[in-house]
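Read through the structures below before going on.
The following pair of complexes shares a single chain, subunit A, combined with subunit B in the former and subunit C in the latter.
Entry: the complex of A and B
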């Protein structure tokens, strides 16, 4: 892979890295034909973020120069602590950096960041990477009953009322108001800290759709990175969610990039069943009816036709304007070691990332992804590659090899 | 016990916020005393605070458009609450452009001061942000701990130099020593001194002026008979002085200090509708 980013783009890329650093400790680079995907997931796998830079973003973008040798573009995982300092002092760098070249040296397992600065100075950083499977969350955002779209400034104005240290907040939606308030797990904690609640009228949003009154609790800290990225560029933010327990997704889109943050939410303690009903079932939004069918039957197309890296068959996702699923369907295949044809739906690759993942201890664990596909009827589809592939064997439900 | 108040003027809101910010920089916890006419932020000198005490008095009518209070009882029509001023400060911070701010005493899982700000919004309906600030109600039997401090029997009273100058001097001195001696006389002269094994530094201020307390204001037996050149001094922990100077957000109309020789440094800041007194005990 090789790409060249010119001056201003370096600043944007740096800001993206900053936003990702607020979530995870590792950064995944995944060069694809449709763009360079830069992703991260947090250690408890309750937060996932992906910045996908389209070829338009780059001065030059070559996903895999070795295609003639039959090599796939290599996916690299880097330590965030190594990458972040390269993009520190973004404004300073912006004045001095003319362009940045990122390339992958496969034989030496190095990702090379080369900054061409003013006065003929070139700074080259060779960072060792670990080759890995793609990190991908499959999140059918189009199935979310509730959708909010707002200018990033509005969200910034909302979020400013909450202390930076505030972890969890609850976002509630009903047809006449939207509320965001601090969340305390236990009564005792509330006594020490301040409780803040902000109430807005639906008119404040550029787009407001409530399919189902709900209240979702997620970690605000992890969202702040995306908001601080979007605000200077005045980009609108799209927020999609369902009922408690289902993940909430925030998307920022531009011609040159698409940023996506998916956060898990706390399950409603009053809910008896651990698995949520498939979101599509009761959802009154207009997605085609094939969407729900899609979830349960996707295994068959998966096993046969869709193996070929052509994800266009996914009918359901095409209903969504805001969420491009092709990427994901392709990803579901790419979870496997390159070159392997799927005999069956092997969802979690054997060779997961070598990074040890700490099992989540809090309630917000990878209900994130497991909760989306909750119809536990079919073993094969119950646990999908929707789980970030950084997961180790500790998953919801049974996974087949 | 009931309390509700409302601010609608943005200038009053800003001013009130600045006062709360100043208090929050001086102490992590203090007592908010509410009466029908005044609000007081009180910190009573304890070992825990190093003997420092504070008394900040606001006349409510200058800030609030509405102010209703029902105290503990008819003969004790006051409310004493222990609060963390930082919470208060944080709640006010993002409400600076509010159309109105309402404060009331409520009971959620614990007693709270609930601050509700009506903010401008993109739609016809205002945004409302509500902050619940946890407080502790102080029982009447402890009220005597938080009485207004007596004006000490001071030896010298003098106006302070410009705060900015004083602050920068104190900041630099802090790097050299933990203790600072503040001395002044009735001739308008003040010295800030530090002395260590290696170095001693003195900064001299002249022509500061002395407040005319007069016989009725001062409790000193014969202030006019004191030798005007005789210095009264107090050696204090420099951090405490620095903390006080750092906290000031607004230049007061009057800033002065009273010195009880080798006992107490009493700093007084007066602004139109706010008075702030700060007592720093002298150390040997």
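Entry: the complex of A and C
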């Protein structure tokens, strides 16, 4: 494999590597006909990210074997710690890099990153790699009943309200609103530190489709990388999810690249009917081991894994057990009872794709400040969901971390 | 100025008096060679030479010419002593080393001779401090026997380009390999770390390359731990000359401009780590 990235593209590639580094410790390079896929997965295999750069992104892209020069279309796994320093952000501000060439040298088992910089200086890095099978998550996007599309700036503005240390958040959707709030493991623990809840009107989104009211809980930290990548380029982010337990996927697309982050979500064994509105304190999500006893590969509280394509096993470098894709596919399918496979489409007319979302129209209201939630033109007025029942009964409801 | 109101009698006892309106012109350059505790001072009519050595393999010298000082009096041909450099630097920056323009520490450095302490009079904003630092018998600095006639390869680079390379060097590599050649790769810095190899190539026609005189291809390795301190001197400098001789010994000479724009020099000598086959 050999590819050449020109000028600004090197900066984009570097930012992609930075975004991936926030999820996993290894980076997989997979040269395909349709483009170069750069992927990572986290150690508990509950988060997966993939940046696919189309041939348009490169000045030159040769995925095919180049026998004469010993280059082949091999899949390589590299240590993130070795690749990340090569794309240090400081250099980009000074624009010292004119060109970057990435090639694979089979005989020496090296991936070669060569940077052609200003003043004729060349920096060449020969990194050792491990040959491996491609890492790929199969995410059945067409099975997702809920789809949201928003500008990355909007999402950036939303997540900035959550402390950087905040691990998990719950995204809830119903036909009249979308809520993002801090996830509390136990109802009583909700008073600890600061809890944030934001409600958004469907109008906020460029595209809003709710097929099935649900609340999914996932790790916010792992999404931040993608958002920091997308925001400077003003790219919209597509979010697809189903009910609790199904993975949630975030996608950013452009002519030259496509980025996916797929995160597993907590299952909610107490949540029987997926059509309840605004699940929150009404149905606390309890992390138990009983409902998903079959899954033995998971080490984290996240109880559903990302589905791995049949026949390809993800070998975690941490030595954790290999995925059994069949098991997970079965579980995925179990969550969809026959007859429920077709999502109940309830498109809000105002949220057509052409609705422009400008900062001026952004109407994020933070319940923490007790702002009044007013909703124009809807019959149902939402009950202000209580952030935490305890905040009414205890004094330190507003404790900040 | 309080420092100049010392009596003539006081001045008679000193065999070396060196004064600076801005002590930073001395302290900054000494910081560039302060990787060990002890420094050998050797003062002559020409100026001050300060030497620091490490494990008989590395030597750093700072040269501050007599012209840099506002007052420079030496009553003998050569005056030598050894002091604790860390203590000296602490004294020179005793007023906190503020970088507010117009505010600087004035220095008067005096030495009475063998057995006497090095006396520093420092003044800032009307406040005077007197420091007396014990001196020791000066050790003889190693003579690396590096002479210009033996130099096989020499390049002069603008420090800017090397600064970036040195800041990115793979520290997991035990050695820094320097290749100099009349043909490609011309001037190359290489590291061999845990993740793999890295090479920094500077072509001879780069606009960062001020001088390129390479007669034959030479590849030498130097311990990274020995060369790492030279980064301080590199950071201060605007130009650096890299020379290797027939034995593979390395000489790095840094051109440093002080606060007042005057030129001082710092040089590093380093022994090669191992013999590499020369083509």
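One rule holds in what follows: the second predicted complex is superposed on the first by the 255 of 401 C-alpha atoms of A that agree within 3 Å, B and C clash if a C-alpha of one lies under 4 Å from a C-alpha of the other, contacts with A are read in each partner's own complex, and residues count from 1 in each chain.
As a working rule, a contact is a pair of C-beta atoms (placed from the backbone, for glycine too) under 8 Å apart; a residue touches a chain by one contact, two chains touch by 3 or more.
Given the structure is predicted, the values throughout are model-derived calculations rather than measurements.
S.K.: Does the subunit A-based superposition show subunit B and subunit C clashing or fitting?
M.R.: fit
S.K.: Once chain A of both complexes is superposed, is A:79 in touch with subunit B (first), subunit C (second), both, or neither?
M.R.: So A:79 only meets subunit C here.
S.K.: For A:88 in the superposed arrangement: first (subunit B), second (subunit C), both or neither?
M.R.: Touch status of A:88: second partner only.
S.K.: Would you check which partner chain A:160 touches, where first means subunit B only, second means subunit C only, and both and neither mean what they say?
M.R.: In the superposed model, A:160 contacts subunit B only, not subunit C.
S.K.: Contact-wise, after the overlay, does A:204 reach subunit B, subunit C, both or neither (first, second, both, neither)?
M.R.: In the superposition, A:204 touches subunit B alone.
S.K.: Considering only touches as defined above, state whether A:110 meets subunit B (first), subunit C (second), both or neither.
M.R.: In the superposition, A:110 touches subunit C alone.
S.K.: Thinking of the overlay built on chain A, is A:121 touched by subunit B (first), by subunit C (second), by both, or by neither?
M.R.: In the superposition, A:121 touches subunit C alone.
S.K.: Report for A:196: first if it touches subunit B alone, second if subunit C alone, otherwise both or neither.
M.R.: first
S.K.: Touching A:96 in the superposition: subunit B (first), subunit C (second), both, neither?
M.R.: second
S.K.: How far apart, in whole Å, are the nearest Cα atoms of subunit B and subunit C in the superposition?
M.R.: 6 Å.
S.K.: Of all the subunit A residues, which ones make contact with subunit B and with subunit C?
M.R.: In the superposed arrangement, which is not itself an observed complex, subunit A uses no residue for both subunit B and subunit C.
S.K.: Would you pull the subunit C residues touching subunit A in the complex into a rising list?
M.R.: It is residues 161, 164-165, 168, 194-203, 205-208 of subunit C that touch subunit A.
S.K.: Which subunit A residues qualify as touching subunit C in the complex?
M.R.: 79, 81-82, 85, 88, 91, 96, 110, 119-128
S.K.: Mind pulling up the subunit A residues that touch subunit B in the complex?
M.R.: That would be residues 154, 160-161, 163, 187, 190-204 of subunit A.
S.K.: Can you list the subunit B residues touching subunit A in their complex?
M.R.: Result: residues 87, 90-91, 94, 108-110, 112, 121-125, 127-134 of subunit B touch subunit A.
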